[in-house]
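The block underneath contains the structure these notes are about, expressed in structure tokens.
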């Protein structure tokens, strides 16, 4: 589904990523793990068009993403969330999700100005859809609340719903459980499984090994900007390179 | 301080009105009393207050006191329109003096003209002011009446072959002065070696003056306000430029030599007014102004002072009926016939040429005096 | 002629740099575009004038006194207005607008007290030394303006580079939050910065009032615009940049008047500014300094 | 009735000014709503005023046509300068647009056709209260519709977080340009209207101070909705009239009011959430947090 080949990124003289290649298969949950500073978020930024690669290519469903703007990539069917949640805090939950439906609303300026049926229908449908997405993450009761007033965990869920609103076929999750307690992590894991179960491809970044092992079907491991292993959770867990990378670091995830 | 004075004036006028019995004659005064143009507006108001006090002290006009309704128009066009409308429709004044800037008159003049109320400018020198309509008057002398005489006199005196020009190009007053200079210099076939500009707020003119110096002119023609002109002179001298200056209307202020001291010596200025004019009317004005306000008057104050005397003369020639519209019209019809001898010398009106078939207002018809600056003083030029 | 223009440019440029110094300092440390800086500059000028004319103090006392007074004014603005805005984390536009209000108040107050007329220092306030070097005329006043400007800038520059205080300020400029975590008294340094910046503005006001013989309630406006241009060119918050850009603007202005036309001089300057911003948002001389919130 | 006629004769220009500056405030509000701090709107007003005045004076165009041109000309300029400029963010954009405004003012000051510093006078008085009311109504209606659509949501999203907005499939550059150009159209219309009731225009009406004045209106009124900017415009326009009796000291009061509002009413005077909370209606503050 998403093919990354020979990807490299240099900031000034510093190589953050070097010759990274792997493939995210269609459907299911794919994990990219690695210690902090391994370059995981940079991969996401390159895929979503926020950064331009120094070398290599990214293609989605056979189509190269080179030279595309972030909004164009989103409209091709890739959505993402952020490690440090970036919801629109001054907007209500409903509005947040409806922003995600931006590309799906096709009415023209005239319909908008004259408040024509096509405009009203489209907006009403979008509202329905947004409420439905909120109900997926069990936030529908608080649709008219300001997003800023949500708890941390709920803000993450809102960000999921908002990302889903863009109609993705692949969902990129950047450390979805960062800063959560074990109970919240479990709940969120369930949420992600649900989303994958609805047919969305999920590609997540994580450094919490336990979480990834329990969730992902395939995993790639990134260390110092290079892929050092790829395979099933079982294969990755037993890879000596991976063990070394994680044992050598203190932040190597909870046991 | 001035707010206190303002209140006192009002109170005095009200008391006088109450005691005298006869209705006051309300005259509007719209001047820029705050903001950048306040440096002209404030002396103008002072001139009017002085004249009003004098007229009222002598028993007013047929027993009625003159009551000045003073409004601050801030030198902003919306504000000046608001003030004019307030004076015309709310305060129901007989006529309006002001506004301070030519630009403001272009905005507010049409309002007064349409309401058939006289708008009388004392400081508007731009061309086309009186084209607005038959209710527009001014006693400020246009540059085009003064500058040809000034330039010709200076050219003869110094045997000038070529001049350099410097002027403020973002100010309507100095720019229109420059336009007249340009035409006069062309008419009199005097080559210009360099034309330099500055903008309002500039305090450093050395770059332009250094350039002028390199072209070695016989004189520097300068359309600037007195304060800028004085600084230009000082900086010119400090750069070693010896050429004399020829100035426009903006030079007519004691500020010029207060600041420039000897640096301005040899400057030629044409003006309807000078504080050294020995005419008794002027001597009286200068003395009374100094006594009342504790500072030297300038040309703007003098013209304001004369303007109220012009209006008073017109008022004395008519009988006020108490019906506002008729009185306003009568005043308008009486004004063109007035001629007085004031602080600015003999004065009468001259009808502006009709433009596009529409009748115009009235300009000042005054002969300018030519002055030469010597030892930091304006002296009447006698040809020696 | 060229040497003379060079001197003209140096005087003008160092005045711009001196004014912009305080302006850019406040932006660098407080992240506020302080549009009352022009009004503080004006207050400095009036303060020195009053001390000289009313109390008959010599300039040697009036200048530092005016400097201290403007400094206090700057600090008062920070304590009374900017501090509460910081406390509630107002977006950067808000303090800028508050400082506009301050500027209006100050210039109106100056007009109410001193009148709209142009005032000037009495003759003899400064020795009127003047000499000629070949083609070039030099006034002692101009030399002392260049001298004072460069002196103050050097002191400030060294203070920021070499002292503990300067290191603290640079830490704040990077990120106030981490600076306060490092135990730096951020609020205290904000006040101090405001004091120093306003004092510099006040000195600039006195010097310009002396050199150009014109003190008015609105004298801060034109130089404020130039100051904005200087800190953009120099890179916002960059002290070395403000110095270079101030001199650069002085040179550009004088030279364009000298060798191009004085008509469009300012249009050229601002047009250039516009283009520079498009090409190099961090200014001509500035280094990119991302502020981490 | 006579009282009313008299009142209107005295204050009609003031009312016109409130309308025109409400338009100006809305034009800046529109760019602010999109997270852009642009100080170019006074320059756009200037272009609109001069284009329409010149067409009225020299080409004899009918008023409607000159107004259309007053909207179109600044829009074209905004389109051209907007594309490169809008990449800048925050303070840098403000400074770039400020520099652009100065360039416009100085060019107008030095052209022959614009009359230089003397400006243009004798502009026919074509603007009536109805013109202003109609255009204001159309603009308010249009902006209200916009606010309730995907475009309005996109603006708000861009203002809050540009990166997140772009990842919602929003073409950030195009939306910004749209806000900028539409703001220019509104400012140009305001300029055209203004020129045709004050008889006279000159470059000094469109300088930095004026740009700042208009910005102040919006901040004072509040940027939470359309009512705020219009309220701010009304207050700033009327305040000098109301404070007229203070004479020389009204500037001080004017500045003080500005400072106090900024200090004590962070969201401006018109803050729907606070007003609702004040009157105990609707979802003011959420009790949960």
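Order of writing sets the chain letters: A, B, C and D. Residues in each chain are counted from 1.
Throughout what follows, contacts are C-beta pairs under 8 Å (C-beta built on N, C-alpha and C of every residue); 3 or more make two chains touch, one makes a residue touch a chain.
Please read all numbers here as calculations on a predicted model, not as lab measurements.
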The pair out of C-D and A-D sharing more C-beta contacts is C-D
Chain-centre distance (mean CA atoms) for subunit C and subunit D, in whole Å, is 30
Cα centroid separation, subunit A vs subunit C, in Å, comes to 48
So, in whole Å, the Cα centroid of subunit A is separated from that of subunit B by 74
Rounded to the nearest Å, the gap separating the Cα centres of subunit A and subunit D is 40
Where subunit B touches two or more other chains at once, the residues are 2, 34, 169
In subunit C, the residues touching two or more other chains are 108, 111, 221, 263, 266
Where subunit D touches two or more other chains simultaneously, the residues are 110, 248-251
One finds touching chains in the pairs A-D, B-C, B-D, C-D
So, in the complex, the side of subunit A touching subunit D is made of residues 48, 50, 69-71, 74-75, 79-80, 82, 86-91, 95, 98-103, 105, 107, 112-113, 115, 119, 123, 126, 144-146, 149, 162, 165-166
The answer for subunit C against subunit B in the complex is residues 1, 4-5, 8-9, 11-12, 108, 111, 115-118, 120, 123, 130, 132, 137, 139, 208, 211-214, 216, 218-219, 221-222, 253-255, 257-258, 261-263, 266
Residue set of subunit D touching subunit B in the complex reads 6, 9-14, 17, 109-110, 116-119, 121-122, 125, 198-205, 240-241, 244, 247-251
Subunit D partner, complex, touching residues on subunit B are 2-3, 6, 33-34, 71-72, 74, 76-79, 81-82, 85-86, 88-90, 102-103, 106-107, 109-111, 126, 128, 131-132, 169-172, 175-176
Residue positions on subunit D within touch of subunit C in the complex are 37, 84-85, 87-88, 90-92, 94-96, 98-100, 102-103, 106-107, 110, 208-209, 212, 215-216, 219, 248-252, 254-259, 262-263, 266
